[in-house]
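Just below sit the structures, each encoded as structure tokens.
There are two complexes below, and they share chain A, which is joined by chain B in the first and by chain C in the second.
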Partner chain A sequence: MLAYIVRRVINAIITLLVVTAVTFGIFFAIPKATGSDPALLYIGKQSDPAAIEGIRQKMGFDDPIYVQYGKFLKGIVAGRDYANGPDVTHCPAPCLGYSFATEQEVTPLLLEDIPVTLSLALGAAVLWLIMGISFGVISALRRGSFVDRAAMTTALAGVSLPVYFTGLLSSAIFVYWLGWLPQGQYVPFLENPADWFVNLILPWITLAFLFAATYARLTRANMLETLGEDYVRTARAKGLTERVVIGKHALRSGLTPIVTVFGLDLGALLGGAVLTETVFNLRGLGYQALTAIRQNDLPIILGVTLIAAFFIVFANLIVDLVYGWIDPRVRLA
Partner chain B sequence: MSLGPEASVTDEMTPPTADAADRPGEKAIAGRSLKQIAWRRLKKDKVAIAGACVVIFLIVVAILAPLLIRWLGHPIDEYHQEKLDLETGTGLPKGALGGISWDFLLGVEPQSGRDIFSRIVFGAQTTLTVAFLSAFVSTILGTVFGLAAGFLGGWVDSVISRIMDFLLAFPQLLFAIALLSVLPDEFAGLGTRWSRVVVLVGVIGFFGWPYIGRIVRGQTLSLREREFVEASRSMGARSGRILFRELLPNLAAPILVYTTLIIPTNILTEAALSFLGVGIPPPNPSWGGMLSDAVQFYQVDPMYMIVPGAVIFITVLAFNLFGDGLRDALDPKAR
Partner chain C sequence: MSIGATNARPFLEIKDLNVRFETDDGIVQAVTGSTFSLEKGKTLGIVGESGSGKSVTSLAVLGLHRTRSNAKVSGEIWLDDEELVSATDEQVRKLRGGKMAMIFQDPLSAMHPYFTVGSQIVEAYRVHNPGVNKKVARERAIDMLARVGIPQPERRFNDYAHQFSGGMRQRAMIAMALVNDPALLIADEPTTALDVTVQAQILDLIRDLQEEFGSAVIMITHDLGVVAELADDVLVMYGGKVIEKGPAVDVFQQPQHPYTWGLLGSMPRLDREVRDRLNPVKGSPPSLINLPNGCAFHPRCPYAGRNGDRSFTEVPELRGDIHKVACHLPAEERTKIFQQEVLPNL
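And now, the complex of A and B:
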């Protein structure tokens, strides 16, 4: 097991390095190739040439790309100094660079956004796991029944509805017309848990609906496949009660594929639920990234992409480890 | 997928879309070919056929967009201020339901007074072009790399599998947004609309290929060991023949199914990117862009939001229904 864990961790680190390299390469190579100046992207278009030259010196844009990448990595691990003659800015580790559009360090800026995204993603995840798996299992067990057909029709609608439409529609109905819920605004949990909850209900449900639909379909398909396996028939033939057959034998292998998908989905969401955050005006990582994109604030875009990649890789790692524990055969592969 | 080796007889496995109905018997192969079995099953699936009809209708609408706009609508950039309530200063469409009338079938855009019907129809053209072409790109890349990984094995498999894992473990939407924001808006004299279409096809198509690649690789791995491949090899067939005459025809069904199912995902992605402002740039109409414009009016003019939202929903649902039906028809086990 230890060898398996070590192998997975090394894999995860390599993946992160590749993601940083590719992201870095694209954000600094493409602007160069298309003739735009990264210094200009940093500082905005209406700056005087001297200021631009200063930025270029300070950020080291004249260095070869691999030198810039090395400095960037060093900044994450050990912090770095941006220097242009006497003008020195120190950026402590983990340094993700310096945003010129907001004139702030990227790391603390993004740290502020993480709780918002975390609240949104975790709350929605709880909802969609409960709804998706229970409807999926019930549909599989009562195949062809009214519940099955109703659940699957709803699920099919769910996977076909874009979250930015359901989000707008639900806020039009529940916030504007019925007035049951407040106009969404994030309230930190520690400040007022009740407000935190009330304000997140609509985003949670909207986001969870989309995923619950996918999970219900997936769970149903997996369960149906498992229920057709020989060992389930054997368990039934042994005279076990239906409760034990389903609960102990079928569910375990029927739900293992869900673990993989769940890890990936949650990991991806933690890196910023761009659409949901935009629709509900939640200032999380995704919202931040989008704002940064509109302002051409490359360091923030790079930072969010990296954090997002980190979450995905980390979630993958957890999934791999959990999988090795659930299914011992995986360790040998 | 448990498709018998007899499926390999059907070299010209064409998609059993509804247009095959116009010419029954043509290309029909004696015996029960997979195509015939699947077509018979698909015909019975009313829901899938309904989905297929909507899909065909949408494709026709997209192709005939300029004509439809001339007959039933108004030019996409014509401002009908007379249809707006300018006296009270709200700039909202006159009349109920966002100004829906015989003249303006889906209503009028608030503030600008453009014809929503024309913009939806024109947007259909863009959206479907992006969705189909990017699905095509994903399929080609996924098939080539999946086949290579599964058939060649060894280090080729390791490298390709690692790349696929890597791409799937990537913050895709975020990355697509960021990438689209640094790529040029216009190049090669294509104009803003088609330049963006090309870029979107590239980005969406590229991020989609690992999904198909994984499936093709898995199928190739299991097919490679089957008796008919062994038989072919023992008869002295070269790799090229085994790949294209033995393996590929057997892979046609899963590839077709997953290509069909990737199209609705692409439609949602394109709409999402346009909604976020990095897709099709205004003033070119796009469904996602219209929803994004509707955000500021949804309290006072909900129809403006509902129309593009419903159109996206119906389109994606139709493709999903058809794709699901196709999968069930080609793979009896997945029912």
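And now, the complex of A and C:
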């Protein structure tokens, strides 16, 4: 088991290294190839050549790309100093550089966004797990019934309708028309839990609807497959009540594949739910990323990409470890 | 009729059992008019090809069709003076795994991959003995594992099914089925998934345990060797119907139905020259959705039509005293064909 964990962790670290190298390569090599100057992006077009040269020196844009990458990695691990002669700026670890647009440090900017994205993703995850799994199980048990058909039709709508449709529609109904919910604005949990909750209801439901649909279909398919397994027949042949047969024997294997999908989905969402955050004006990582892309703010794009990659790799790692625990056949392999 | 007539009903009696499944393609008539009985301590062998209705019969006895909404069962199943077809789901559930238990064909897929073998046996025990605490149930399970010949049962208790070898897995499955001392044990092809040397051990084990527990055993198989070894009575099924039944000795020495001849002819024998070909039953099993008219076996029967058109139009009845057969051929003619044409080639 320990060897399994160590192997997985090493794997995760290598993956992250590759991701940083590729993203860094793309974001810092492309301006070079297209002839645009990153130093200009910091200063603006009408600056004098000396100032541009100063920025270039300080940020190290003239260094070869592998040197820049090495410094970037060092910045993440140990922090780094940007120096142009006596003008030294210290950026503490984990340093992701400075925003082109605002010249603020990237790391604190992103750290501010994480709670927003975390609140959105975790709340929605709880909702879609409850809804998706329960409807999936009910549909599988009442296959072909009205409930099954209704749930699966709704699920089809759920996967087909984009967030900017369901999100805007539900805002129009519940906020502007019925006036039941406030106009969305993120309130930190520690500031006012009730406001935090009320403001997140619509984003949660909108995001959860999309995922619940997929989970309901997945759960239904898995459960139907499991219910046909020989060991479920054995469980019945032992005289177990139908509640134990379904709730213990069938669910145990029917839900195992869900763990994988859930880990990856949640990991991906933690890197920013771009559409949902934008529709509901939540200043999370996704919103930040979108703004940065519009403004060509490479350091922020790079930072968000890294955080997203980190969450996905981390989620993968957790899934692998949890899998080794829930499936005894994996543990030994 | 004697005064003790209350005990006249056999331990297991099945009367005119019909099982059908409504599917999108039509109605599958899986079992038609099956009638037989079995006493405690005796073994009944049910033989037939895939789709002959042998497994469906046993699933109906256990009431396992009940969770399938498309299954329709009629007739009577009497177990120890209790009628099961008309019983409630809960009544049948309480008997399952308790008074009647089942061993399945492939123990790897029949055991849950995520629970230890021991915990699955404990679960089977505790559901029928709710007052028993975990420790006692655990001891009982380990004791059962030891009795079916699993070495180091305390250690194997915590293993998963995939960590067992095929033979050990089937032994564990048997331990699980016998944990509540069932009076009726149904074994559905218990040795099919095992290699030959292990097959004999498992059959010996079932026989020994039957003697020990005095259970009635139904052995479902397509392997006539298994039946010859274990069964007191034999039931031959074809197309969902019982076409021949009787004491095992009679059925093997004086088989009456051409299909039974075919089954015997398709058995490999070590004492036969290798260059001799086996004589399989020609053709393939009938569709249970659309059974042939008349005798269901007539499209594959080499003797169909010898007796006029009856084979094509009329379903033969199961006739006879102890050894019964459903065939239109007159008894004398069957005996003659068997002696002259079939026996020399077996």
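To be clear about the criterion, the second predicted complex is superposed on the first by the 322 of 333 C-alpha atoms of A that agree within 3 Å, B and C clash if a C-alpha of one lies under 4 Å from a C-alpha of the other, contacts with A are read in each partner's own complex, and residues count from 1 in each chain.
Everything below uses one rule, namely that a residue touches a chain if its C-beta (ideal position, glycine included) is under 8 Å from a C-beta of that chain, and two chains touch if they have at least 3 such contacts.
Note that the coordinates shown come from a computational prediction; the quantities given were computed from them, not determined experimentally.
Undergrad: Should A:321 be classified as contacting the first partner (chain B), the second (chain C), both, or neither?
TA: Neither partner.
Undergrad: Looking at A:23 after the superposition, I want to know if it touches chain B, chain C, both of them or none. Which is it: first, second, both, neither?
TA: first
Undergrad: Which holds for A:221: it touches chain B only (first), chain C only (second), both, or neither?
TA: A:221: touches chain B, not chain C.
Undergrad: Going by the touch definition up top, name the partner, chain B or chain C, that contacts more of chain A.
TA: B
Undergrad: If we overlay the two complexes on their shared chain A, which of chain B and chain C does A:275 touch? Say first, second, both or neither.
TA: In the superposition, A:275 touches chain B alone.
Undergrad: May I ask you to decide whether A:286 touches chain B, chain C, both, or neither, giving the answer as first, second, both or neither?
TA: In the superposed model, A:286 contacts chain B only, not chain C.
Undergrad: Within their complex, state which residues of chain A touch chain B.
TA: Answer in residue numbers: 15, 18-19, 23, 26-27, 30-31, 34, 41, 156-157, 159-162, 164-165, 168-169, 171-172, 176, 221, 264, 268, 271-272, 274-275, 278-279, 286, 289-290, 293-294, 296, 301, 304-305, 308-309, 312-313, 316.
Undergrad: Could you list, by residue number, the parts of chain A that touch chain C in their complex?
TA: Residues 229-231, 233-242, 244, 249, 252-253, 256, 326-329, 332 of chain A touch chain C in their complex.
Undergrad: Quick one: which bits of chain C touch chain A in the complex? Just the residue numbers, please.
TA: Residues in contact with chain A: 62, 64, 67, 93-98, 101-102, 104, 106, 109-115, 123-124, 127-128, 160, 162-163, 176.
Undergrad: Looking at the complex, which residues from chain B come into contact with chain A?
TA: Against chain A, chain B makes touches at 165-166, 168-175, 177-179, 181-184, 264, 268, 271-272, 275-278, 288, 291-292, 294-295, 298-299, 302, 305-306, 309, 312-313, 316-317, 320-321, 324, 334.
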